[in-house]
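Both of the next two complexes hold chain A, though its partner changes from chain B to chain C.
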Partner chain A sequence: MSDEGLSRRRLLGASGTAAVAGVVAGAVGGYAVSRGDDDAAAGAPSSTAAAALALDAAIPFRGEHQAGIITPAQDRLHFVALDVVTTDREQLRQLLEDWTRAAERMTAGAEAAPGGLVGGGPNRAPEDTGEAYGLPASGLTITIGYGPSLFDDRFGLASRRPAALQDLPAFTGDQLDPRRTGGDLCIQACANDPQVAVHAVRNLVRLGFGVVAVRWSQLGFGRTSSTSTAQATPRNLFGFKDGTANVKAEEAAGLAEHVWVAPDDESGGGAWMAGGSYLVARRIRMHIEIWDRTSLQEQEDVIGRDKKEGAPLGRSKEFDPLDFARKGPDGRPAIPVDAHVRLAHESNLGGIRILRRGYNFTDGSDGVGHLDAGLFFLAYMRHPGRQFVPMQRALAKADGLNEYIEHNGSAVFACPPGLKDGEHWGQALFA
Partner chain B sequence: MSDEGLSRRRLLGASGTAAVAGVVAGAVGGYAVSRGDDDAAAGAPSSTAAAALALDAAIPFRGEHQAGIITPAQDRLHFVALDVVTTDREQLRQLLEDWTRAAERMTAGAEAAPGGLVGGGPNRAPEDTGEAYGLPASGLTITIGYGPSLFDDRFGLASRRPAALQDLPAFTGDQLDPRRTGGDLCIQACANDPQVAVHAVRNLVRLGFGVVAVRWSQLGFGRTSSTSTAQATPRNLFGFKDGTANVKAEEAAGLAEHVWVAPDDESGGGAWMAGGSYLVARRIRMHIEIWDRTSLQEQEDVIGRDKKEGAPLGRSKEFDPLDFARKGPDGRPAIPVDAHVRLAHESNLGGIRILRRGYNFTDGSDGVGHLDAGLFFLAYMRHPGRQFVPMQRALAKADGLNEYIEHNGSAVFACPPGLKDGEHWGQALFA
Partner chain C sequence: MPRPALRAVVPVALSLAAALALAGCAEAPGASGGSTGAGASGAITVDANDTACTLSATTAKAGTLTFQVTNSGSKVNEFYLYAEGDRIVSEIENITPGLSRELKVEISEPGTFTTSCKPGMVGDGIRGTFTVTGTAAKGSADSKVASAIADYRKFVASEADEFVGATKEFVAAVKSGDVARAKSLYAQARHPWEAIEPVAESFGDLDPRIDGREDVIADGMAFTGYHRLEKDLWKDGLQKDSGAIADRLLADVTEIAARSKTVEPTALSIANGAKALLDEVATGKITGEEERYSHTDLWDFDGNLEGSRQALAALRPVIAERDPALQKALDARFTELSALLAKHKTGADYVPYTALTAADIKELTVSLDALSEQVSKVPGVVAAR
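Right, the complex of A and B next:
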């Protein structure tokens, strides 16, 4: 093989695994890193190498919960919503089993094995499409979800439908495009290399030929939330830090309260969801050009944080608590009454929180030369009807941000719990 | 600021600059790395850190040639074609000057300065949109080009039109979408972080409000060619290594012969192009689902290389010379007569070569659930009519690959030479 010089792909892939194992274990086990400190020392070469290696590492596929939910959010996303095109229950069940095997292989980076590339021989189509051959696992996670429509009477699953899995109601201002809405199934592939994420979705879709068809898909190029205290808060396309108040992987109580379905949450047919989570996906187009002509003061008032540091207005540090009572020099609330952070804050929503895991997107330009760009909102929660729905109702009614955004895609999925050794997707559902 | 843990962004940005300077200087100066060797030693931590740091480094904006042509190809692309919407020559000239200043600032990573974020004060729109605030330069290059239509009579530039800048002829099989074709100007932004590339295009487009409007744009998520011997050859979405025979930055004679416009290439009005290069852009949709059902043998015959190693058929190593006379065990040519590498090879094209700098893309799914994905072909050359046109004619007529691809976007641009200190884009053109 030739060498790669400036690209980290192979250089890092060829390096030792000790640092990788350490970081991965840390990510799973807690990874306690203080926040609010400026730890420039972390930039020393050894930490640098470890961090870069971690970008290439494999994330364990099996566990109590599916990977890709509290896993420290990777940098890139390929998300796909699919419809089942067969009415044969057994074909669907078999596909979920086949997907499990393929997902486990790909998340381990095992498409790099020669056998994975060429399949059964020169006269058969290759088992793997090959464009990720030689690339490391790149933190790939593959997370599956089932939409409400999967539980209609096609597959005899109606009695297994969890009570919490309901189509979202219409919200004020929704401009949903049916071509970006709904789906019987979803696959969320996240990785630090987009080629790896795209490869994963493509190969799963290929395995599903004749059983499922792509309904819509979305590529995300930069995360918009941190799901671990070890990650800095990234910026969305409005230039603001987004997701500061997110539920984080290190908050065991917060996860139990807000993210994971508890054993007694769903009675009867939906009990297979214990340890799973519900995913709400919303494609939020941002009117970039309008926003970009808005004054900094207006932008900060709309969000309720300062743009540079991300501190709540009236405070100085990103993680300072929001003080809604504080007045500004003009005697009005420092955080305006229609500011996004005020309306979305748990204190104004009876304690509601969610785990956000969204991505920035840009899908080129629309017909009048404006960027078709925004935030692909992904959020995991224990019960959409009790978390996302009231939160979005509050925002849809009053959020100052509504002037600059448009929700044009929407879906909800039940993401089952993680798999133990030997288990496969669909096993509990079809049991 | 909080720390970032698994992401390399801040960790690496905070580290020493010595390694960065070394790698950047190496990239510009030659960076002689043997190819064909398996240099696992390069994966040692210090090299790892240096390579990862290099991904964050700044690429010099000024020089003999524009950056972004022979610069070792970065991992991500945002490309935009624009139309000029004013007929005021001075407005256009001024915009090119403003773009120069903004491009120089952004390629240096200088949007990270607080002043760059907030502009002139709280009541003005921020000077920078902010979503790359805190991110390193990430190898950003911004490359500008002028389309043939810029030289119509709107701006008094007709007499400055280089003879080599002509609209491409129609090719057999072309299925061009006017919404992805042409443009008065183009901006190619390449970076190792897509957020940085998208940010650059967005801010230049914003500066051009009222003067230019986006005609079409394309996001690329993984490079499909190497432009330096220090880079391994990447894979395209057919899973094959692509661009093995590319003109490389280290080939001074090859660049002079095939890439850079020589002082006497363009007489009269086009002399300002000396040291520049012509860019051909083609959006090549790949029929992924059809390809994925094709046998490995058929795939390798269509390409003319083996899928795993990338070696020419009948040979064993990627960089082995192509042997078109060699017969396979069945007595037929090892490299079929309609194989892509045979038809595209300089020996079959009278010595024609080009510098390819393309990217994989996926723009979601089309109306029937197939991936709208493929290769955004970008190639730099000295004279499109003598290089790309005969090459594409030969391919369009006979290439076995045509069954699996479709050219649906096309454009050609004259990319002027690099800028010396104090110069700006358009200065020579408008002189």
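Right, the complex of A and C next:
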């Protein structure tokens, strides 16, 4: 690994660096590679700055589950929802195979196609777009999902639709923009370098022209959840720690109960989802300017945690258990009845939990001088209808936070299980 | 140093499936004794592991070369044969540990090449020099290039004549002050120009004088030509100098038509022109920028598309031989986009750009992207090798 492995951009992107290092380094095995770097290709990376190395490292593409779900959340996101524009089933199947090949290459830190940078010679448009050449793998994960609309009558997949894959119902207060909602397919690309994540989506979209077209996409500039106990809890754009009580990678029983689809969950045509997980995506615009004018007391009451430490109100440490019975000095509940943490907590929801993997976003400003910014909520779960839906119903009805947010994009996808050696996306689906 | 003339059996972007399919085109292997001697079967064996890339021979005679690559290491490996500048002559990927795969490459001219094994798929790989001596017969596609060029020149000449004829009628209508007739002739008069524009674009100021838009002509240049008359006809009304502008237009069109016929294209320039025409659609027509007063952009779209299609029709024998799958994809994509465009015709005329909905524009854009990706592969396929 050369000094280039420590570029300024990536160091700046390395929030939670030290905490992540141990986990990722332990998970990557043989890959610690850089596009176009001889030393790395020959093996043995040098021992420069272990922390940066871990952020640079490659995450294995294949495994029991898809990478990018319980993988320690990377700092950057490029998410894209696509519609299939062909009616030819074989073209779609072939694209999923082509995507697998390119995705596996890119997650290893290689070009999307062999010799993709210049190997085609001067007269050919390069097969790889090139902007990630020379950059390390950067923890890139590429996760695919299938939307409910893919299982209509176009591709003969109606009988393969998992029963749990249903369009989300309308929730109170939804302001959904059709241009940010739905999609036949999704690709979630996460990395510790934004250029690597954007490169991945750009090249997959390019491979798909004529078969799929982008319906909407979202960039995320900073993670708002930790999916591993080794990661520090990051802050969302309200300035609060977010995802403290998340289901985390180290919690095997919690993952089995709340995140991974079990073999018995789907009998029939949707059985291929065993080992997969459902993804709910919501674009949550925050009314940043209004929030910023809100008193600290009000902010903490709305969230239900203190702002500095992230401790539940009435307690002192971030990971202290939430005590909903505790009364404050005024005799009222320390955590208000409409606080976000109370309504979203499993004890209020019959034990429901989800794995949150969201990102802060800003898409510039809205034309009247306000930030178009918020939380791009991503969450993985075993059954959206039994987890996200009741949770969001409870929040939509009473959450004090609703005054400061607006859900304006929404989608749900079935993310299949991981791939074994030699397998490709779509194989189980089209079997 | 000139690039060595050579050709792979299939186009450079060789997928694994294509590489395996090559087994059927085996000819007498051209491998000869190199530094360590060729294998008994005539194949050059390549032992690839995580730290070394060992070939049984590093020289061969021109012809069809066979590399038998065996991965004796622990990482997924790849094998490349490069020409100068790391241009891939052929490659084989996804050679998993323990696997042996065959790569056949046709090389017709002598030259110096580079071999590379790439354990773990990244980096420049473990490289060596490979020398090819002698010459071998070229593929028949090379002889088809000459007739493709002749066919395309005929098309250009025919469009150029049509452009002059249609411009004469349009200019006559402008000069007689018949605004209605001039407007009815405008879009179709420009159509042949839109079909051959890349051929003629190189003639100095002629292109901007004929087709320049007010916002893109160079500083100090007068706003003349078709778009000036478009503005007069649809927005400002005919001006005192409209007749003079029309005369100048006809003179310029006559000159550019004559010069277009003298252009001697190559297969590569025809292919690049086909791509450039679609780029024109993407940046100027599908956005409604080109015809901001007349809104006849779909006529220009049709002209660009037709020009691109005709250019590739001329190259068809070459493409069909070298990359039949690409030819099939081109046919399908041209058919699809033409059908989508035709939806916006009422009778013999296109609807104005302003009648398109956002959904219409997205549908056309999606189809244009699909076509353009395929057309962008043609230059690499038809270029002299």
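The working rule: the second predicted complex is superposed on the first by the 380 of 431 C-alpha atoms of A that agree within 3 Å, B and C clash if a C-alpha of one lies under 4 Å from a C-alpha of the other, contacts with A are read in each partner's own complex, and residues count from 1 in each chain.
One rule holds in what follows: a contact is a pair of C-beta atoms (placed from the backbone, for glycine too) under 8 Å apart; a residue touches a chain by one contact, two chains touch by 3 or more.
All figures in this text were calculated on a predicted structure; none of them were measured in a lab.
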- Give one of first, second, both or neither to describe whether A:202 is in contact with chain B, with chain C, with both, or with none. first
- In the overlay, answer first, second, both or neither for which of chain B and chain C A:264 touches. neither
- Task: Spot which of chain B and chain C makes contact with more residues of chain A, would you?
- Result: B
- Task: Please indicate which partner A:210 is in contact with in the superposed arrangement: first for chain B, second for chain C, both, or neither.
- Result: second
- Message: Per the contact definition in the header, classify A:330: touching chain B only (first), chain C only (second), both, or neither.
- Response: neither
- Task: Check whether A:109 is in contact with chain B, with chain C, with both or with neither, and answer first, second, both or neither.
- Result: second
- Task: Answer with first, second, both or neither: which of chain B and chain C does A:235 touch in the superposed model?
- Result: first
- Message: After the superposition on A, what does A:293 contact: first (chain B), second (chain C), both or neither?
- Response: first
- Where chain A meets both chain C and chain B, residue numbers: 31, 33, 35-40, 42-43, 114, 118-119, 121-125, 206, 209, 213
- Message: Which stretch or stretches of chain C touch chain A in the complex?
- Response: 12-13, 50-51, 74-75, 78, 80, 82-83, 85-88, 91, 93-94, 96, 118-126, 268, 333, 362, 366-367, 369-374, 376-377, 379-380, 383
- In the complex with chain C, residue positions of chain A that touch it: 30-31, 33-43, 85, 101, 105, 108-110, 113-115, 118-125, 127, 206, 209-211, 213, 421
- In the complex of these two chains, what residues of chain B are touching chain A? 1-16, 23, 27, 31, 33-40, 42-49, 51-55, 72, 75-76, 78, 80, 114, 117-119, 121-126, 128-134, 179, 193-195, 198, 202, 205-206, 209, 213-219, 221-222, 228-233, 235-240, 288-289, 292-297, 299-300, 307-308, 318-319, 360, 362-365, 367, 369-371, 373
